[in-house]
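As structure tokens, here come the structures.
Consider the two complexes below, in which chain A is the common component and chain B and chain C are the respective partners.
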Partner chain A sequence: MSTASAKPVAKKKRSSRIPLTYVVALVPVAAALNIVGGQINTILKLPIFLDMIGTAVAAIVLGPWWGALVGAITNIVSSFISGPIGLPFAVVNVVGALVWGYGVRWGLGKKYWSYFLLNIIVAFLCSVTAVPIYVFIFGGATGHFADMMTAAFLAMGQNLIVSVFSSNILVSLADKIIAGFVALAIIEALPANLTANIQLPAAAGGLKKVLWIAGGVIVGAAITLIALAVAK
Partner chain B sequence: MEKRPATVGTKEGLGAGIIGLGLLLGFLPSAAQKIADLDFVQSEPFGILTGAVFVMAVLTALAGLAVILAKFEDAEE
Partner chain C sequence: MRGVVIPISMVPGNSVIHRISPLPKLLLAGCVLVLSFSTRNPAILGALIVLGMVMVSVANIWKPFLRVMAILFPILLTLITLQSIAPAFPRPWTPIVSMGPFTIYQEGIYSGVTMVERATSMTIFALAAIMTTHPSDLFASLQKIGMPYVLNFILTMTLQLIPILQKEFTTVLSAQKSRGLKGTGFAAVLPSMVPVFVGAIERVQQLSISLESRAFGSSGAKTSYRSVKVSWVDYLLMLLTTFGTCGLLYWIITDPSLDWSRTLIFAPWLAITLFTLATIGFLIFVIIAIRVVLRA
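Moving on to the complex of A and B:
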């Protein structure tokens, strides 16, 4: 008796698999983007980090755990370039990748406002992860611009953990909103078959898309200015 | 027979993430010593390493949970 007729007919579904060549190309490029962003930030002494744009791109396009790999590579390579301070913060990069990746896959990237909210969630969870590292390993200061804000909050009478969290959340909010929307612009430029299965608001297209991306970056820049004002 | 291009999916992504966590774990002991040697850091290497390994343990457990919960039915046939 033939068993072929008894076999249920498999429902043909759209494959979410990505060509290996894209992954092999995108992971090192995303890590390099992070490292270059981080170096630009260090040289210009900006009040943000700029080292998670590639992580956001990889986490959204390839998946959260590919993003985690990019985050780990970024901080390991950065620690060879600019000292070991960055290595414990690899955990923050990994957490950011997981939240961006799973957030988009769970539908938080469908609309512009929900994508904006996702970036705020990423910023909050990254701060929650980073603050214990700042406080318990480095005693609250690493030489970043945010240290000036921490000092200002300490001078106001706050305790160390609250001061570090307050300064870090401001910097992180600006950084993750900018990173999220710059990543959205980069994803738009990627081949269509690579982004076909991702639910992103940019699919709506047109002027609205450009306005939202520019708006997101402007909001991030505005928070950066607020951080600058707090530090002075 | 036409050769299909190699593709990756959820399974490979999870594997790559776990490799990333393993790489980080490998670098932590030397980084803990180097961080403790910095002038402005008062923590001991053991404390730094313990904290870092604890956080990595949480992330590794999350990766394991993701492996358990992930659906791999999109694998190539």
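Moving on to the complex of A and C:
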């Protein structure tokens, strides 16, 4: 068969390029990383969540729906370990995975600024999803650090929904920017066969991208500090 | 990290609750979840809590159960504080007392108390089910009722990987400390995520080869290391649970007198006491959180 007559090879979907056994083995690792991240966050009482880094990695590398599965499994399994309070928030984890996964596939991961924007969109949509759960299922509080900010906003005269959204969006912005950029660092360290066709800011290489990752983390931490100042 | 994570795991035993198949317990926990969210009647929610306590007593798991509740209950108290000053209820609200910028409302106390009852009831049944069930039995039972084995494998693997990743995090954080780097806070946690995940990826590659060599993706019946038998008693329990839940749901939906939000009046001293106790718990939590964050 000559080269000229050969049919062009159809571009396969990302998830279909990775063997099923590899995906089946990678999903639990991502979910376990989420759970352990959440536990470390609870132990160190950090004012974020740290339970979506594995979701971001799976959504970007494997695909949005595998990421959604990681998100759902994270909250289901963690409800076995630390009580059922986190179970309704599985929806938030799933939404985050879909936005990260489709966002990168729609080209929002090509440049640093668009990837940064993608993390902000994830934070916003996660907050929009989480606020009704906070308010209508848990009455606005789940014992997280953000509760004190909610109380502060309530003292300023805001109603409960606005107060919960205000506190949650601050924490969520910090959390998702940090999660997005830590996920980026993890994806860079993954084997090349897993990440060959993913369009992420890593393409430039070298020190610059590391600085961008660090910058993202610092901005995330700065937002958290501002949130702390508001809470005071 | 051991000892700090909420210690929810199976408590070995030979009680009646332990001997029941995982499916009826899971169904009961699910039904209580549905019932808890379908009503705000404090008496019904209180009855569910008492029923849950009976289950815990029969299972003889009081000690580990109270250890978990001691961590969760102060968190739940924050609900009373926030709800008292901003009820998740339609206006008008009946003020009881003003304290600086805050006003405590009758509906807020009602809402806070019922939300604490709601969260407590569903937590008790979930804990009772988890603490009397071996995780592998649970997943084997789920496979029996048609859960795909791939999903089952993923769930079991996730549970098994958690202690491994916890250990790796501890190792990485200790290594950072021994090199004079920070061992707590963002500066320590975030960089440690990368080596832990990348280390886990090596395991994934080995596991993937292992799964391929055992024909994981092949068709045909799959077997399990642990087998779970579902007896007629388990089927009877599931039937009773389903009918009981449906009956209660019908009562809750059709009887408007079960809404006590406007009729149950809390005496001002009781409302203030509840608010004060919950707020003290909330403030202790806030102070600890701020101290830890400032140290990090």
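Just so it is clear, the second predicted complex is superposed on the first by the 215 of 232 C-alpha atoms of A that agree within 3 Å, B and C clash if a C-alpha of one lies under 4 Å from a C-alpha of the other, contacts with A are read in each partner's own complex, and residues count from 1 in each chain.
The rule we apply is simple: contacts are C-beta pairs under 8 Å (C-beta built on N, C-alpha and C of every residue); 3 or more make two chains touch, one makes a residue touch a chain.
Fair warning: this is a prediction, and the values are worked out from it, not measured in the lab.
When the two complexes are overlaid on chain A, chain B and chain C occupy overlapping space and clash. After overlaying the two complexes on the shared chain, residue contacts for A:I85 are found with chain B and with chain C alike. In the overlay built on the shared chain, the residue A:I40 is in contact with chain C alone; chain B does not reach it. Residue contacts after overlaying the shared chain place A:L125 against neither chain B nor chain C.
Chain A is touched at more residues by one of its partners, and among chain B and chain C that partner is C. In the superposition on chain A, contact is made by A:V94 with chain B only, not with chain C. Contacts of A:G139 after superposition on the shared chain: both chain B and chain C are touched.
In the superposed pair of complexes, A:T21 makes contact with chain B and with chain C alike. In the superposition on chain A, A:A152 makes contact with neither chain B nor chain C. Of the two partner chains placed by the overlay, only chain C lies in contact with A:L160; chain B stays clear of it.
Once the two complexes are overlaid on the shared chain, A:G63 sits against chain B while remaining clear of chain C. Once the two structures sit on top of each other via chain A, chain B runs into chain C at 25-33, and not at any other stretch of 25-33, 151-159 or 241-249. Counting contacts by the rule stated earlier, residues 19-21, 27, 69, 73, 76, 79, 83-85, 136-139, 141 of chain A appear in both its interface with chain B and its interface with chain C. Listed in rising order, the residues of chain B touching chain A in the complex are 5-10, 12-21, 23-24, 27-28, 30-31, 34-35, 38, 40-43, 47-48, 51-52, 55-56, 59, 62-63, 66, 74, 76. The part of chain A that touches chain B in the complex is made up of residues 13, 15-21, 23, 27, 62-73, 75-76, 79, 83-85, 87-88, 90-91, 94-95, 98, 129, 132-133, 136-139, 141. Looking at the complex, you find that chain C touches chain A at residues 1, 4-6, 8-9, 33, 37, 68, 72, 74-76, 78-79, 81-83, 85-88, 101-102, 111-112, 115, 119, 122-123, 126-127, 130, 135, 150, 153-155, 157-162, 164-166, 169, 184-186, 189-190, 193-194, 196-198, 200-201, 203-205, 207-208, 211-212, 216-217, 282, 285-286, 288-290, 292-293, 296.
Chain contact summary for the complex, chain A toward chain C: residues 19-22, 24-29, 31-33, 35-37, 39-47, 50, 53-54, 57, 69, 73, 76-77, 79-85, 135-143, 145, 147-148, 150-151, 154-155, 157, 159-160, 163, 178, 182, 185-186, 189-191, 217, 221, 228.
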